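This structure is in structure tokens; I'll ask about it shortly.
When the chains are written out, they are named A, B, C and D in that same order, and each has its own residue count from 1.
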Amino acid sequence: MAHHLSRLSTDLGARISERFDAVVIEIPAENLLRAAYELREIGFDRLGMVTAVDLGEDFEMVYRVTSRSLSSNAFVKCRIGRVDPTVSSLCEVWPAANWQEREVWDLFGIDFAGHPDMRRILLPEEWPGWPLRKDYDDPNVIRRPDYI
Amino acid sequence: MHGAFAQGILFVLGLATAATAFILLVFGANALLSPRAPSPEKDSPFECGMEQAGEPWTAPRLRFSTIAALFVLFDAEAVLLFSVATGLRGHVTALLEVATFVAFLALGLAYAWRKGALEWRS
Amino acid sequence: MSLEVESRTPVLGEDGLPIEELVVNVGPSHPSTHGVGRFIVHLDGDVIVRCDPVIGYLHRGIEKMAENRTYLQIVPLTDRLDYVGSMYANWAYCRTVERLAGIRVPERAEYLRVIVCELQRIASHMMGIGAAAADTGAFSMFLYTFDVRERIIELFESLCGSRLTYNYVRPGGVSFDAPEGWFEGVSAFTENVDAQLAELDSLFFGNVITRGRLKGVAVLSAEDAVAWGASGPVARGSGVNWDLRKHDPYSIYPRMEFDVVVGDNGDAYDRDRCRLFECYESAKIIDQCIAQMPGGSFKAEGLPRLIAPPAGDAYDHIESARGSLGVYLVSDGSPRPYRMKVRSPAFCNLALTSRLAVGHTLPDLVVVLGSLDPVFGEIDR
Amino acid sequence: MALVDRIGAALGRTPGGLILTSVDALVDWSRGQSLWAFPMGTACCAMELIAASFSKFDFDRLGTFPRPDPRHTDVMILAGTITEKMKPAVRRLYDQMPDPKWVVAMGNCTVSGGIFYYDTYSVVRGADTFLPVDVYIAGCPPRPESLQDAIVQLRELVKEESIAPGRRSERQVALPRPPAEGGDPE
């Protein structure tokens, strides 16, 4: 498995670390699309999950891909800046990303360049703000009192 | 003959009046006793809770009308066959007449089939 | 609040005449959408030209709520995700917390979890097949499948006291041990479930009207199923041999012998039938679990009251009735997760409707939805 | 003024209102025995509503027949969480129901937002903020028996309706009604 990914780290600047259950691949955001094509060639034909984490100063995109032939899983992570966050859309590599990217756009406000149908999917169209960001404040949200 | 005939007529008239009376009673009670509170939202068309997504006044497809015409045609044929079947039971010549009648209509059906009028989708 | 319909560019039909599309709204309150999904359907006559799903009518923001609750308080939230099979979300979430915090779960708890989740699979499939049957007119089938489901709900009620939102699987084990006599009840259930499933099979799938309505509708190819991320009976119905219990084994599934049900031509008939045959396999698994049931405690000892796992992230998934249900947790060392993401199988399966429904008639849209078995609590989260 | 209001008013003026009360009793009894339900099922309570209408708990013996069409129904059973995106749809479906109509709020989410009260941005905290709710059922989800008990309790409320306009029993006045802006066209 590791030699497959070695090409990734050499020409795409990926940092690969092995965890007991999955390979974690950190990719600079501009090489994400080429890395995705590369991964699909290697055999990662299933995109399981697309999500984002608001780390305060920037966002971290987390993709989880699975390869049935190699029977192994991989996390692909990349960091994007907080101001006007955009990342290339992986719809043409794995169509499964279509709806999940729309959900990340809907809840985080991260734009996906090249997405065929970039609309909100869960919230009404005219919903102000991006709810899952840490700095999202909504007047009618009632905070739960901290008993613990 | 006279008695049975009158009895038949009475029976039919009695049935008709009973049916209409029942319907008038039910709908009349409903019209009398149900409250009226008309409002623009109440009259808006029901589309699963949403506003109407597009106006319903669109031109229907041609195939609906061809299928309807064919149905009326063969339905009329069936109606005629009923009268023939009851009236001319047991005569050989009747069989021939009915056979030619049905043959002509079968010819029409075969023509429609060949022309593809029965295909629902192109 | 209506979705603005684009300007009417005349689409030319095959006979050159402009087609005026009839736009119909199969909206949130509709018996055949199995919940609050909305499908804006563009019709040419009664043939669907375009169908785009609108979801989010049950989006409660569970992922945002989870960021302000401790790890134990999130378990009742996961019950409300896939409310037809709430044991799954419990288990997927608890596996991720255990992986994050490094908690070892005793053997007996793993066996109880597998028994409970396989029972839940039968109950969830009974709802899925019943609803799909009711949509094609076989309403009595829905009553028959609900009879089986009610028996399972009675077993759950005697186990953890609730009919639908069980809150049974907790990080580190399960909340209650099985009361005595419960295992006899379960094995009594699995004994005659095979006969009932055979009856359902002949009642619905043997019926010639069902074959006419379901066969050949919404054919999903294996490549599309994998490319669009479909999983569970939807993917297996079109020949994708991928079942997490077998191909990415977790818990004690390696000790169980069962076979993965795979359909061949990927139409609505195969998907629904795969669900029914999976119930046979689940019954087999339950019997084996009861046979090998070990003693011992049902909860990990020495578990701190307030679980505060070390900083890091973890992802784990299980094979739920709808597919691979995964939970991704990011923790920053505090007793509250920093981020929780639920990877919902029904969400990815529903994305297929816009491709599967095109070309079919409007009544077939109901069959397509029935075969995808959406549950909107899990889709909208 | 519908014909029935004039009849009701006229009957009301008869001495002692004997005829009006007897007509009311007959009308209310017949309505109470066949309250057709509009299953506004959104979340988990919908599963219990389905379980309640099937053979084990059998809603039909109370005369309650689930009809998914607002035009055919008298009671709207709100089963499940109502979100901001769903609120206009629920309000429109309530408006499209013919009079006389009642609302049963089933489950904690419709009564007060329930488990989704805190920290959510998209849940309506209680159906009575925009709908006139008549019977509240606690439970998450409530058992089918408590749902059927709600319909039996609703019959008491139905018994207080009158065909003469303007007669509202104190129990109906005491029920919380939504503020005027989202108000019921009382």
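Before moving on, here are some points about what is shown:
Criterion: a residue touches a chain if its C-beta (ideal position, glycine included) is under 8 Å from a C-beta of that chain, and two chains touch if they have at least 3 such contacts.
Remember, predicted model here, so these are calculated numbers, not experimental data.
Looking at the partners of chain A and chain B together, the chains they share are C, D. The chain with its CA mean position farthest from that of chain C is B. In terms of C-beta pairs in contact, B-C outnumbers the other of B-C and A-D. Averaged C-alpha coordinates give centres for chain A and chain D that are 46 Å from one another.
One finds 39 Å separating the Cα centroids of chain B and chain D. If each chain is reduced to the centroid of its CA atoms, chain A and chain C end up 24 Å from each other. Multi-chain contact residues, meaning those touching two or more other chains, occur in chain D at positions 85-86, 89, 93, 118-122. In chain C, the positions touching at least two other chains are 1, 3, 27-30, 56, 59, 61, 64, 68-69. Across the assembly, chain A contributes residues 123-124, 131, 143-144 that each touch 2 or more other chains.
Interchain contacts give a graph that is no line, ring or star and is not complete, per the touch definition above. All chain pairs that touch, listed by label, are A-C, A-D, B-C, B-D, C-D. Interface residues of chain B facing chain C in the complex, by the touch rule stated above, are 47-54, 56, 58-64, 121-122. Chain D contributes residues 40-44, 46-48, 50-51, 54-56, 68, 80-81, 83, 85-86, 88-89, 93, 115-116, 118-123, 140-141, 143 to its touches with chain C in the complex.
Residues of chain D that touch chain A in their complex: 84-85, 117-122. Of all residues in chain C, only 1, 27-31, 35-36, 56-61, 64-65, 67-69, 76-77, 79-80, 83-84, 86, 127, 142-143, 146-147, 150, 153, 163-165, 376-377 touch chain D in the complex they form.
Per the touch definition, chain C reaches chain A in the complex via residues 1, 3, 55-56, 59, 61, 63-64, 68-70, 99, 226-229, 242, 247-248, 306, 313, 315, 317, 324, 326, 328, 330, 335, 338-339, 341, 343, 347-348, 350-351, 380-381.
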